[in-house]
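Listed below are the structures to be examined.
Two complexes come next, and they have one chain in common, chain A, joined by chain B in the first and chain C in the second.
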Partner chain A sequence: MALELVGIRKNYDRLEVLPPLDLSIVDGEFLTLLGPSGSGKTTVLRIIGGFARPSGGQLMFDETDITDLPANRRPFNTVFQDYALFPHMTVRDNVGYGPLVQRRDPARSARLVSETLAIVGLAAMEQRYPSQLSGGQRQRVALARAIVCEPKVILLDEPLAALDASLRRQMQLFLKDIQRQIKTTFVFVTHDQEEAITMSDRIAVMNGGRIEQLGSPRDLYFQPKTKFVATFFGDNNIVEGVLAPGAGEVDTPLGRLPIDRRGMPAIEGRCIVAVRPERMRIGGENGAAIAGQVAEVVFSGPMTRILVAPAAAPELRLDVRLSSDAGQPPPQVGERVTVVFDPSDAVVVPG
Partner chain B sequence: MSSRGERIPEILAGFLTVLVLLVLYAPVLVSALFSVVTIQRGTILWETFSLSSYATLWSNSSVLQALANTAIVAIASAAAALLFGIALAFYTRSENAIGRRSIEVLIYLPFLLPPIVTGLSLLVTTSALGVGRGLFTVIIGHTIFVLAVAYRLVSTRLAALPPSLLEASADLGASRWQTLRYVLLPHLASSIVTGAILALTLSFDETLISTFVAGDQMTLPLRLWAMMRVGFTPEINALVTLVLITSIALALLAAWRLKPSWSEADSSD
Partner chain C sequence: MTGHAKRWLLFAVVAALPVLFILLPIASFLITSFFRVEGGVILADPNLSNYGAFFGNWTYLGTFLGTLWLCLQVVLLSIALGYPVAWFIWRRSGTVRYALLLLAVMPLFMSYIVKLYTLRAMLGLNGLLNQMLVGIGFLDGPSQFFLFNQRAVLITMTVIYLPFVILPIFLSLERIPRGLLSASADLGAGAFDTFRRIVLPLSLPGTIAGGLFAFVLALGDFVTPQMVGGTTGFTIGRVIWSQFGLAYNWPFGSAISAVLLAVALLIIGLGGYAASRRRV
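And now, the complex of A and B:
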């Protein structure tokens, strides 16, 4: 265990922003704290970085208590959301700042700075000032400035939020690649679930200061444990229902839906049934069937999205994704269809 | 396209502008003119043109002494005001500052109050404490007066510093002193220079506070005042002209540095 948060909590005056929280971050992993704004993810990152004092609990690093260690003596470095580059220093001086203030050997530092600038692809820009760089380049300087210090953990606070969509995707792959190269633990904060899925080894979904679920992107996507995770994480068909104890069916506005209880926690009473759009089909035999009428057909490249208004509850919309080259033309708007899904693809979580 | 009637306000405004400029600057020009030529019954005698009054001024040791005193006072009070201004700005801009508003009011008050209040109270205090009056007390008076300007400039610049820059510095391993040296002071440099110029300008022609606490020492404005009581000589005009040119030059420099575009330029050059 590299980094361990034990009962870490944070209050601002009487306001509790972080109820006691436990989290173990494994050496070398890419862990993402994912959540909407106000979920406490940035507070957790700031406590790890040493910029915010926890109101209680312990922060352990390699079995040493570092709760009271000031930021400048922690072996962690941060990539800030606004990059926080020093405007009066060149790219090279920005990257060389850490080794300079840590009084490392100048010759070795100079070499390290050059190598790091080469890794992030900014060797040609080392004499420029931050104001002369694009957003993506500033981002790279901020990353280089952190990794040149050879930290044990790199903390990234929504570092891609200010970039446009295509650059963001490019930087996601770049960050992942860098992380593989330097084999350092990354703790990444974002509110973008797609970004989290793309980059992370594990994701901690946060809501209201609590970790709702911690797991691999696949786990969170296909096996959400709470309503929040089921709704926050990717598109999902969600319907509320009531589950009788031990029953294999859920009473919902769409009728009785069969579910597969194997591997599912013992849930009863009010619940949520969630089925991923790509796990639903139009027509076909085996499985749960819901009759409805096609309300909209949206072509979006490889997938075609079909929205179906169920006959039992026409105000709801079922979201179905079909491969665009499935061989048969998609149904027409207004057509009566049956939406079918495999009960084992239905996820039931407490409502 | 506008008709004659509509243009009347414009013409009136133009006329008034010229009048105001004339009233403001004609005496200044006359004074400057008097320093190089003789004027008799409203007629300028060009043939009397000479710079001799400047030369006389230059050989007048009491004037030179006053000039040196003014320079000492201006530099010392500007330096002291900046030092205190920076320290106070660090305090009032810190997260845990207690009574930020009241401290700011206390800093700004001497600048807004009549200088006579500052001068008089300083006089009373020094005599009560038995402190001899001289350049040192003038420096104290000027420091109190120009502190407001130095503080204002530094604290405004400090407020523009993104807090993440200080966090980044600490994050990279810098101590508080290293952050001060490598991040804070370079960030404040432009406001410190501007503050110094403004403080020098204000101290250079400050007269009232000096009058109360200078003792037997003379600053340039005090010297000028003393000379005028004795008699009105071309030397006085020469001195006034010099004081004017210096003041205007400093003021223009400060105004140029205070242009809002400047803060953009300093990060990109």
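And now, the complex of A and C:
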């Protein structure tokens, strides 16, 4: 265990931002803190970085307590959300700042700075000032400035938030690639679940200062444990229902739906049934069937999205994703259809 | 009226004030500086005799250079005192910070003359300064050291212009994003490195601006030397004042003012250039 948060709390005056929180971060992993605005992601990161003091609890790194170690003596480096590049220094001086103030050997540092600039693809721009760079380039400088210090952990607070969509995707792959190369632990903050899924080894979903669920992207996607995770994480068809003890069926406004209880926690009473849009089909046998009428058809390239108004509850919409097929046109708006899903694809969480 | 004409009218009105109250007076004294006086009457026949008299006479030139040196000392001293004060205020937070800031700029709202008299009283033989120095045993008896000489002018000007130096330095410190300080600490810098490599260079433009304020204000100040300078605290401001007020030689006074203006503009230009070369 490389980095461990043990019962870390944070209060601002009387406002409790983090209730006691435990989190173990494994050496070399890419861990993402994912959650809506105000859920405490930045607070956790600032506590790890040493920029905020926890109100209680302990921060352990390789079995030593570093709760009281000041930021400049922690072997961690941060990539700040607004980059925080030094405006009066060139790209090279920005990147060389860490080794300089840490009084590292100048010759070796110079070599390391050059290498790092090459890794992030900025060797040709080392004499420019931050104001002369694009957003993506500044981002790379911020990253280079952190990794040149050879930290044990790199903390990144929504580093891609300011970039446009295509650059963002490009930088996601780039970051992941860098992380694989330098084999350093990354703790990454984002509120974009798609970003979290593509980049992370593990994701901690945060809500109101608590970690709702911690697991691999696959775990969170296919086995959400709470209603919050089921709704927040990826698109989902959600319907409330009541589950009789031991029963294999849930009573919902859409009728009685069969579910597969194997591998599910023993829950009863009020619950939420969630089915991924791409696990639903139009027509066919075997499984739960819901009759309805097509309300909308949206073609979006590889997938076609079909919104169906169930006959039992016409105000709801079922979201169905079919892969687009040139030979077979999708159903028409107004057409009566049956939406079918496999009971084992339905996830039930306490409501 | 067409929109075009309206815009011109508006421009004329807006431009009228500075032209009327700043450019015209300057033009007028620049022109006057080429005239001469004979029998108490200003004669409008253009010549360079005033400038010749100024640069040809060591009394004037020496006083002028002495005044520049004095102003430079005021600048250095007020930055040396003002920077730590501005920095200290900047490091506070919340109410304390704004209370301190208000306190630091409060003297700006007080009458210049009142401040001068107060300082004169403090620096004099029975003044607070002497009493304190005698009180702590540093001096055996009250000293004439602090009043009616160059030193008195230096001390008084520094004290009076200090708020003009503190304010721009504070503002430039305030403009430094806090994130840069976190980033510096994050990269391993201690407080001193962060100050030397981040805070100091980024607050340099404000420091230069403050220094320029002090310099220009001190250069044009003829009241302070008059009040606390005695006979040795003679400055070029007093010379100009006496040309206008006593000798009634307005053309010569104007010529010295013109030289003063040129030097002030040169210094402001140099300072501005130095400040703009920092990338902030």
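The definition used in the following text is that the second predicted complex is superposed on the first by the 349 of 351 C-alpha atoms of A that agree within 3 Å, B and C clash if a C-alpha of one lies under 4 Å from a C-alpha of the other, contacts with A are read in each partner's own complex, and residues count from 1 in each chain.
Basically, a residue touches a chain if its C-beta (ideal position, glycine included) is under 8 Å from a C-beta of that chain, and two chains touch if they have at least 3 such contacts.
These numbers were taken from a predicted model, which means no experiment stands behind them.
Once chain A is used to superpose the two complexes, chain B occupies space that clashes with chain C.
In the superposition on chain A, contact is made by A:S131 with both chain B and chain C.
With both structures placed on the common chain, the touch criterion links A:H88 to chain B and to chain C. With both structures placed on the common chain, the touch criterion links A:N77 to chain B and to chain C. Within the superposed three-chain model, A:G49 lies in touch with chain B and with chain C [touch as defined at top]. In the superposed model, A:C149 makes contact with both chain B and chain C.
Once the two complexes are laid over each other on the shared chain, residue contacts for A:V101 go to chain B and to chain C alike.
The intersection of chain A residues touching chain B with those touching chain C, taken from the two complexes, comprises 49-51, 70-73, 76-78, 80, 82, 84-88, 97-98, 101-102, 129, 131, 145, 149.
For chain C in complex with chain A, the residues that touch the partner chain are 177, 179-180, 182-190, 193, 197-198, 201-202, 278-280.
Within the complex formed with chain A, the residues of chain B that make contact are 162, 164-165, 167-175, 178, 182-183, 186-187, 266-268. Contacts from chain A toward chain B in the complex involve residues 49-51, 70-73, 76-78, 80-82, 84-88, 97-98, 100-102, 129-132, 145, 149.
Residues of chain A that touch chain C in their complex: 49-51, 70-73, 76-78, 80, 82, 84-88, 97-98, 101-102, 129, 131, 145, 149.
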